[in-house]
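Labels run A, B, C and D following the written order; every chain starts at residue 1.
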Amino acid sequence: MKLARTHTTVSVERALLRMAGLTGADAERIPWVNHLVDAVRDQVGIEHGVALPVWDALVRGEAPDLLTLAQLSASGSVTLRLPEGRDATRAAAAARRAAGAGVRTIDRRRAERDRLVKRLGDPPRRPWIYLIVATGDIYEDIPQAKAAARGGADVIAVIRSTGQSLLDYVPEGATREGYAGTYATQENFRLMRAALDEVGKELGRYIRLTNYASGLCMPEIATLAGLERLDMMLNDSMYGILFRDINPVRTFVDQRFSRQVHARAGIIINTGEDNYLTTADAVEAAHTVTVSQLMNEFFAKEAGLANWQLGLGHAFEINPDLPDSFRLELAHALLARELFPDAPLKWMPPTKHMTGDVFRGYLLDGFFNLAGALTGQSILLVGMMTEAVVTPFLSDRDLALQNVRYVMDAAGGLCEDFHPPRDGFIQTRARQVLAEAIDLLDRIVDDGMLNAIGDGTFGLMKRPADAGKGLAGVAKRAPGYVNPAIDLLEEGATR
Amino acid sequence: MSGAIVRPYGDTTGDGMVQVSFTLPLPHDKRAEGAALQLAEKMGLAPALLVHAKAMGPDFTFFVVYGSVTHLVDVDAVTVVPREFPLLSAKEVNAAIKSPLRRKLLVVGACIGTDAHTVGIDAILNIKGFAGEKGLEYYRELRVVNLGAQVLVPELVERARAERADAVLVSQVVTQRDAHIHNTTQMSAAFREAYPAGTAPLLVAGGPRFDESATAALGVDRVFGKGTTPGEVASFLVHALAPLPAARTP
Amino acid sequence: MKLARTHTTVSVERALLRMAGLTGADAERIPWVNHLVDAVRDQVGIEHGVALPVWDALVRGEAPDLLTLAQLSASGSVTLRLPEGRDATRAAAAARRAAGAGVRTIDRRRAERDRLVKRLGDPPRRPWIYLIVATGDIYEDIPQAKAAARGGADVIAVIRSTGQSLLDYVPEGATREGYAGTYATQENFRLMRAALDEVGKELGRYIRLTNYASGLCMPEIATLAGLERLDMMLNDSMYGILFRDINPVRTFVDQRFSRQVHARAGIIINTGEDNYLTTADAVEAAHTVTVSQLMNEFFAKEAGLANWQLGLGHAFEINPDLPDSFRLELAHALLARELFPDAPLKWMPPTKHMTGDVFRGYLLDGFFNLAGALTGQSILLVGMMTEAVVTPFLSDRDLALQNVRYVMDAAGGLCEDFHPPRDGFIQTRARQVLAEAIDLLDRIVDDGMLNAIGDGTFGLMKRPADAGKGLAGVAKRAPGYVNPAIDLLEEGATR
Amino acid sequence: MSGAIVRPYGDTTGDGMVQVSFTLPLPHDKRAEGAALQLAEKMGLAPALLVHAKAMGPDFTFFVVYGSVTHLVDVDAVTVVPREFPLLSAKEVNAAIKSPLRRKLLVVGACIGTDAHTVGIDAILNIKGFAGEKGLEYYRELRVVNLGAQVLVPELVERARAERADAVLVSQVVTQRDAHIHNTTQMSAAFREAYPAGTAPLLVAGGPRFDESATAALGVDRVFGKGTTPGEVASFLVHALAPLPAARTP
């Protein structure tokens, strides 16, 4: 996507500083990376990238190190400029050295993961069992995550607090005050990673950790994920636009950078097609899932992600009262499976049609699990019977795992017997969805993708390209734009 | 009903049977089972049957208990908030606004705080509507400004003033740590502060976990819970804002 | 079976009197039929049948009618004898006339059922939904049965009080004091039949009623079922022997009579193979189910039942923790389906492995329902999540029906896609069970069936032929034995 | 455990969350929902969230409620009936009987009343056993007479006398209308009556829904609940019947 190569954003620039090792925040918990990027923006503008002004200042001896520079910039006592000629070359080299250190840490983390997976082992079978914790308090999340791993979870996702996606900074430190989720912070990542490594050792199974590279700070969070060895990240090319009203250009730029980091870090992305089906009707909108998957695949490949890193999403969200609803689910799930044979598809449970009837919900989740087994899904996000009531209780998770275990052990092999005939209900439906997806793609090609998003094609949300949150943080790159993080990632270089 | 006192019904009138499940932060052993029975007893189950106990790791145990509760339910003591307004058709709503007011009613809607669940408020506002009823946008005499998700309270107050809103409708779906209560009270306080006494727009809060009788505590004029339909909301707006003939006669 | 044609029992004789219209009981609730048969036994013996002594007494004017005769016999003020020659002929003719009236009532009831089914309609689809009520109080049973029918039940079974099977008389009147079930009495039959006819009219669907022709009074209860238009009866050729320690000969004699009545009354029998799996292991003993089904089929045909009346039983009782348990269930269920293509198979839910974890139980019942749909079962006894806890609550039944509806509507059509390959797990397992069943049948043929039962082949119970309850009520028929009920049933005659 | 007071755990320490479901014999309307909340409140749920209400026909409504119970569970106040006897291996059991008694212990077992659930008592008595432990028949020094199902009390007493039973084990699985309690107390009374004071055999009752602390009320010497293993029962028999060395020293 051309847009992404011709623009930068405050968050991409902050991500560079994070890669170069700048951490911490002021007393009001505003991160130093924000102060420094803001100072560059105010004094020079970010269209050339912050690399040159920042490392020029360091080379000039304005401060002994990045942190001090950022602290000084916060109090307005640093003068930044756009270096030229040899100054520019020197600043660029220094910046590249600094960023290289970060990239190498990410590489080390990736090697560490490979080692641990080799030593401890991958989950014994597909689908991987993916469970969420969402207490808002990292110190409650940790024991719950461990309990979940002991109960059979292969992947733990720490759900993020509401509102974080619209914060234009990444909070700092261990946090206990999230709403319906826990803040994504470097320290929380570290704490949970350590806890899961511990329990993984105990269980003899590498437990993967997931968070969200999404919202206004997607590039920075992706960077932190790489630095702290997270294994999967929610990362969708349109989610922020559609569901958080984030400006489309901001999103595409941030998106590309974060995906480059994920590619480098060996992180599997999880895309968010499930979300469309919570707002639009899962039968009528089935083809939008397919189209979005194709788009997510396209952008992901463009950013360097391999097939095995494409956790394309889809979901079991058809109204269960609809006749043949389960077979419709199978048709949709099979379609995704066949279109993306090498992608680790992520299969999301029913949420929209879950009600306070927890017994019915438990049954529905069982059939969701069965559909996952029958259609060979790769990552199974485990549904909770209390979906319509509360964020998951400890016991909900335990019961949910028991549900998965029963279905997989007792009926998982049923795929041997599952052969939808060519002209039967399932294959016919899958062909129909595919045809609708192709139609829609044709229309998008004709009208342009930003127009399609603007028109409410996905999840019924209309998002024009020149509106939305975070637009102020976008800048068209100037000639001579420098960002050594991007360079290193694109070149695959280490220094 | 034969009399105002009832008890839960398992399979025989008056048997009082209920089912309960919960987790205790105790390792699974006899003591934990005793603790579960103690809790069941405190909840009024007598006798309580502990039918399932399962260790969830070394520190927690999950229990399922059945039993007969000794409590009696006094149906006469139940106070049902009666709908204080008549349900009107779209036609009646439009008529009730048009003749006395001679202008459209202006409604501002938003999902406030960090809550981004717009499906509920959209169900009330958007033409598409809910449960077969068209949303408020469909009403000729209503003008709807839907601010969408994650609207901050100051922003909401400002828009309401700018638009000269007659009514402000806010939605809250996330309830963990009582987020919905905090956000709503903060919102109502901000309106009282920003407007001269008695001139604030009508404040309406809605969401699936609200208690409809909590208006006073929340500082709003009306609360709508799960399953609300647009028609109910429109009827309420007319009731509260459009002085109906009956009300005008002294 | 020769045994059955050469013996009679007190209950067969009492059944004749019931068919001839004798009802009611003394102040201690001992039925008049018991008094009269006991009087015959004491004074003449029952080996010639009670028909000759009883109607001889009536012809002789000992009493104006059966009821008075029975009352007099209770106080010992009647002298009975075995008539001979013309007296015998006359008595036999009178007895046949009396029994004929009963048979014609049964015929009328059957015609009435046919009419109602035509008018109101059969359930719209298979399997028929079969629900139990078991409060012990007919007046609580009735509203619950109606609620169940409104919730979707096609068949209501009134579970019988514990202990009734060992009573050597049928209680009288409407009863409210059963334990874990309600007494089978003619009046309870009548009350429930009327209630279901009423709700059936309301719903536009004929609601079938089931009870138990089982235990020591099987022939009499079968007769009452015919007279009160019950539609199905639990009736197994070995259940009483194995699970109630009833004498085998008594059972086979009573069995044959009761099945002749069922054949005539158009009643579908439900056999009890499910029970073996509650005591023996459902995998190890799978072939005993097949063998028992074949035996039940044999005895049923011999007694005149048509294929459409053979509700052969089987059950979903494999330990759910066993790998591939669900597919094993499918294999067993398919085997039954293919062996008996024309029988209305009755599919019984999990009970043994249900626990107090009602959530897990609800899920298991869902998979039971799915197996029922995938293998084309005919009558589905709906499982309850509280199986391990209590006899069903009203809400359990409602939740259970919701479970069935979801599975049938959402996934019922999956049989289109279900094609177990010939050398796959399911077909291989089915062949194995069939082979084991054939082996066992060979052994039974060699050793004799009574020996097999004596050896604990079925449900792990050992039951020798010369022991067990009710043996005292058996008599070898004497030459000249007369029982016009049997004659009418065998001849298909009406008078 | 940190301290003796705990509360149910939903997802945060101390949140007190429990789940409850029940049926009320009321048609589904706002009043019924109010009645359900009243019951939840009486059970100690504050706040109570009514998350599901469903009409079951015209006369009943089913409810699911979640909420935080205000009750505290005092773990120290839980009285666990401690196993009053040591768990012995089969070898130890045999030895403990053989040397002091010099004869086999005679055990009569039965499922009494109209109850025909023999799987439980068979699990205790038959060689096959339960949960990997062999049943009492396997013990060399025990002689087991298993009378099977639906044994009437007089018949049981008579057989016990005829066999000179040391212990009588009865099983009760059906509990509807407290059948198990009636049958067991009737059984124990019959033994007390039939035997001179102090000479009746050891009476043991078992079944999945028995409360193990109810010995006195049932008039028996020991009660065993769900999940009992044969080894536990054998150990108890030794403890109660075979005067162990320790007991013999005055």
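Simple rule for what comes next: a contact is a pair of C-beta atoms (placed from the backbone, for glycine too) under 8 Å apart; a residue touches a chain by one contact, two chains touch by 3 or more.
Keep in mind it's a predicted model, so treat the numbers as computed, not measured.
In terms of the distance between Cα centroids, chain B is separated most widely from C. Across A-B and B-C, the chain pair carrying more C-beta contacts is A-B. With centres taken as mean Cα positions, chain B sits 33 Å from chain A.
If you average the CA atoms of chain B and of chain D, the two centres end up 45 Å from each other. The centroid of the Cα atoms in chain A and the matching centroid in chain C are 61 Å apart. Distance between chain B and chain C, defined via averaged C-alpha coordinates, is recorded as 53 Å.
Chain C has residues 357-358, 388, 390-391, 393-394, 399 in contact with two or more other chains. In chain B, 9-10, 13, 17, 19, 21-23, 49, 54, 60 are the positions where the chain touches two or more neighbouring chains simultaneously.
Judged by the touch criterion defined above, the protein chains are all mutually in contact, each touching every other. Residues 134-135, 137, 140, 144, 355-358, 386, 388-394 of chain C touch chain B in their complex. Within the complex formed with chain A, the chain C residues making contact are 320-327, 330, 357-360, 362-364, 366-367, 385, 399, 402-403, 406-407, 409-411, 413-414, 416-421, 424-426. Touching chain A in their complex are the following residues of chain B: 21-23, 54, 56-57, 59-60, 62, 113-116, 118-119, 148-150, 174-177, 179, 208.
Within the complex formed with chain C, the chain B residues making contact are 9-13, 17, 19, 49-52, 54, 64, 66.
Of all the residues in chain C, the ones that touch chain D in their complex are 136, 143, 146-147, 150-151, 161-163, 166, 179-180, 243-245, 278-279, 388, 390-391, 393-395, 398-399.
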